[in-house]
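Shared between the two complexes below is chain A, which pairs with chain B and chain C, respectively.
So, the complex of A and B:
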């Protein structure tokens, strides 16, 4: 039945139910990922960012907020140039982090 | 000026007062510590461990207390009035006696912001909402029925700090690092708990503070969420539901917690302002006592013979407070030597 309006799904993140298994598996393999301060240097220098929205900062945040679809879309745009690794003030090897992340499925299992 | 040993009234026997009194005695003066509480030590005496090295508070306090042993200390003593004479000050104590002194040192410290004033956080309303001080007391006593193997714990930064509406525009400066210290201590106590810190900025300015933060992230997996908590509600099981915006993703977040710790900020001790007013010592725009200038005369007031040490002029760390106490003792020495 058409009521002439519809309800939009909530964009709120519920941390009680969010699935962080992929993030937890990532930080097991790459503990430096935990030290991200969200400064955005990686995104600002990213070669792929202007046309794809790729951002390592957003990838790490998305993993912790259960936004797997967005994470995979961003990862597929990465060209592995490694510029992000050069600018990270915490010294996170972001290029390595992306490669490791690509080996994990959304349950956090190593599949590749 | 008499040829007697000059008397200096030190108001407050927290770490600033204890250290300054010790230094003044060593310089040959007669300090008198006036403390309204039944014990010396102030806020540090209520704390369990101190950032950034997790030093037991008692380790800092004990030597200060020991060195001040021979100094005249009036406990349980309120000040009724302070009068400015020609070049002396007359202090009327609660029991009606008076103390004539050649200099006054304010070591009156701070008050913790009353967290119940931020009603949206529910302190004093919801059982599972506590303050940084309550948590510190639990670390000391291990007695608080509200803290029972929590699985999820949150910390709210800037409660009553950087908050114009609450009348405190200033940053309380030590709460960011205290939140990180307490979050780590909670993780050590309850390794399975998820710990969230809700912050606006993290202001980790001091020596080794950033290292402490990196450890909180990397070694303890504490979650830092950039966003000010907007409201807290109580779930049917007594846990608290916290809402904020995750400003880094631009989305609202909510989380259910077993314990929420409010990082109450630092405000000036109202008694200090009251005494200061009686002798014409001004109050700065931030509500703390006003130094002669904030760069090279932070321990001096604009009144001759009135000096400051520690948090009466603004939020201070322990090492800053102790350094100021020594600096104030020297400033008093210079002042009295000039007059002699």
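So, the complex of A and C:
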């Protein structure tokens, strides 16, 4: 049957197979992450965004969707300028959230 | 003077000798270790400085003024100054005069360490001479001075407000042992010398005390036990000294020459950092100074406690304290020893391990470089807004408008997009990554060919000034630049009578770069300048600092309110600052307009 559109299997996200260990560990360490409403203020102000598409909102979303490569690419462009924490309407300490995330390895363990 | 004992020895000196050899040995080993831990070039620099006459003079002067007289503490609080210098200088004089007595009366005993300390036990006065009674008088005088200091110390411990401190340090167990033995030493000395004063002679303090004691005791049996007690108190103090805050006494004497030689913290724990930690006297002046202390829960995160945890090696607390700090630098500004709290914390942050590190070397900045090259040129001012100014565009508009009014030719370094200056990365301890950003930015500045780099953000200003090595380019903060334009008559600012303005010294501009007067002079042209309750080097951080990694938005609010309270003490009409981050932080909580200096000047020109 033709619905006029189709799902592309390559980019479909199967939430059952997503490894959420990193996100779960982040939420444990920075419970603030749960309060994100995805408003995109951080995306709009991000200094690194024009260079890499960095955005805390997308990082959090990507973690929950298992888009690990994209998340790492974005994180490695962050200049920690702190504008995102200044504009966040939920008062999330995004700078610390990013630093904590950078300290987690693939298994969600804090590197020592 | 005649010796009472041919052997010149009594078993009661043994505890003192044990204590003294222990503490001397410990300090010697510690000193060698600290020097050995310095990086090679630092070590060479330090050792060379020790033989240069200029440094020798500087070191002696600083050690005398800081360790003995406590000049900085006097300037801060006269009661605390007297308390510390009476004990330190008085004790020093007792030791010096003791040696003088031995040299004068029994020179053959000078090689015995304990003789100058227990002189009055070992000699009997045969005739009173002028030098003899002068020395006795001085000994009693300095003992009285120390005792007055001890009385103040006891008062301070139990009612710190009387001596002008709101909060004082909570002592650890070892510190208590050290403190109580220190308190015991001098009253015991007074007792011991008083009991033997009719034999050894004495002066205005010991002779009357001796007379009183003899009225109801009537014999000399109490003399020896008190000399034992005095010796044991000395032993206890010297044996616990390395494990207490009193380690600052020997440590500071090494810290001062090292600092004079220009040594900086290069390792989070070893070498100069450990020396700073041990030099902390634990006085707690930093607790009241810390902007975080408005909330009691943060009092344990002051620099004095960081130093304590670094000595204990409690990694969890070290990380917690290091990451919380706003890096405003006020603790260093008020510390009489000059412990660099922010630098110590940054060194801990640099040590942290990350699974993922940003990389900026590969960023393609060709478009920015070519834009700067085409628009710049000698004689032009390159204006870098930086991240924070881009978030507060009114500052950029006011700044560029002022530049136009003064006929200054300018070029924007980051019109639509730009890089961060690198300072926030450095504050998070990611110095290597910051260097990559610095290299990228330097390329853009060099390509522009401009000879002045203008910054409207003190965070950027500090890093451009200190880390960029831009020879031939003048790095200047906009408040200074506008003050110069006003002074040169290129910018006319209307003075508004009755407009009360208060200047908030941003941490990075004031304590960080030492710029206090130029912004005030510029503001004085626009209105009537009033001062905050705390200003210049004692200005209070706005609470929004990027220095703190872990403080949440809500936790900062009481600090912002406290800073605003102190700022508005003189009832100003407007609060003026030179930092977009301070501005954005204050605006949320202030009850009156908060403006950037560029906006205030632009409105009136």
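In the analysis below, the second predicted complex is superposed on the first by the 102 of 112 C-alpha atoms of A that agree within 3 Å, B and C clash if a C-alpha of one lies under 4 Å from a C-alpha of the other, contacts with A are read in each partner's own complex, and residues count from 1 in each chain.
We take it that contacts are C-beta pairs under 8 Å (C-beta built on N, C-alpha and C of every residue); 3 or more make two chains touch, one makes a residue touch a chain.
Predicted model only: the values in this text are computed from it and were never measured.
Colleague: One more residue to check, A:45. First (chain B), second (chain C), both or neither?
Modeller: In the superposition, A:45 contacts chain C only.
Colleague: Check whether A:16 is in contact with chain B, with chain C, with both or with neither, and answer first, second, both or neither.
Modeller: first
Colleague: For A:95, is the partner it touches chain B (first), chain C (second), both, or none of the two (neither)?
Modeller: Second partner only.
Colleague: Touching A:32, do we find chain B (first), chain C (second), both, or neither?
Modeller: It touches chain B and chain C both.
Colleague: Quick check on the superposed pair: does A:78 touch chain B, chain C, both, or neither? Answer first, second, both or neither.
Modeller: Second partner only.
Colleague: Once the two complexes are aligned on chain A, which partner has more residues of chain A within touching range, chain B or chain C?
Modeller: Partner touching more chain A residues in the overlay: C.
Colleague: Once chain A of both complexes is superposed, is A:6 in touch with chain B (first), chain C (second), both, or neither?
Modeller: Neither partner.
Colleague: Let me check the overlay on chain A: which residues of chain A are in contact with chain B and also with chain C?
Modeller: 32
Colleague: For the complex, which residues does chain A have touching chain C?
Modeller: 32, 45, 47-48, 50-51, 72, 75-83, 85-88, 91-93, 95-96, 99, 101-106, 111-112
Colleague: Quick one: in the complex, what on chain A touches chain B?
Modeller: Against chain B, chain A makes touches at 11-16, 27, 31-32, 34-36, 38, 57-58, 61-62, 64-65, 67, 90.
Colleague: Taking the touch rule as given, give the residues of chain C at its contact with chain A in the complex, in rising order.
Modeller: The touching residues are 323, 352-360, 363, 387-388, 390-391, 416-420, 422, 424-425, 427-428, 430, 437, 544, 546, 549-554, 581, 584.
Colleague: In the complex formed with chain A, which residues of chain B make contact?
Modeller: On the chain B side, the touching residues are 152, 196, 214, 217-218, 221, 223, 226, 246, 248-249, 251-256.
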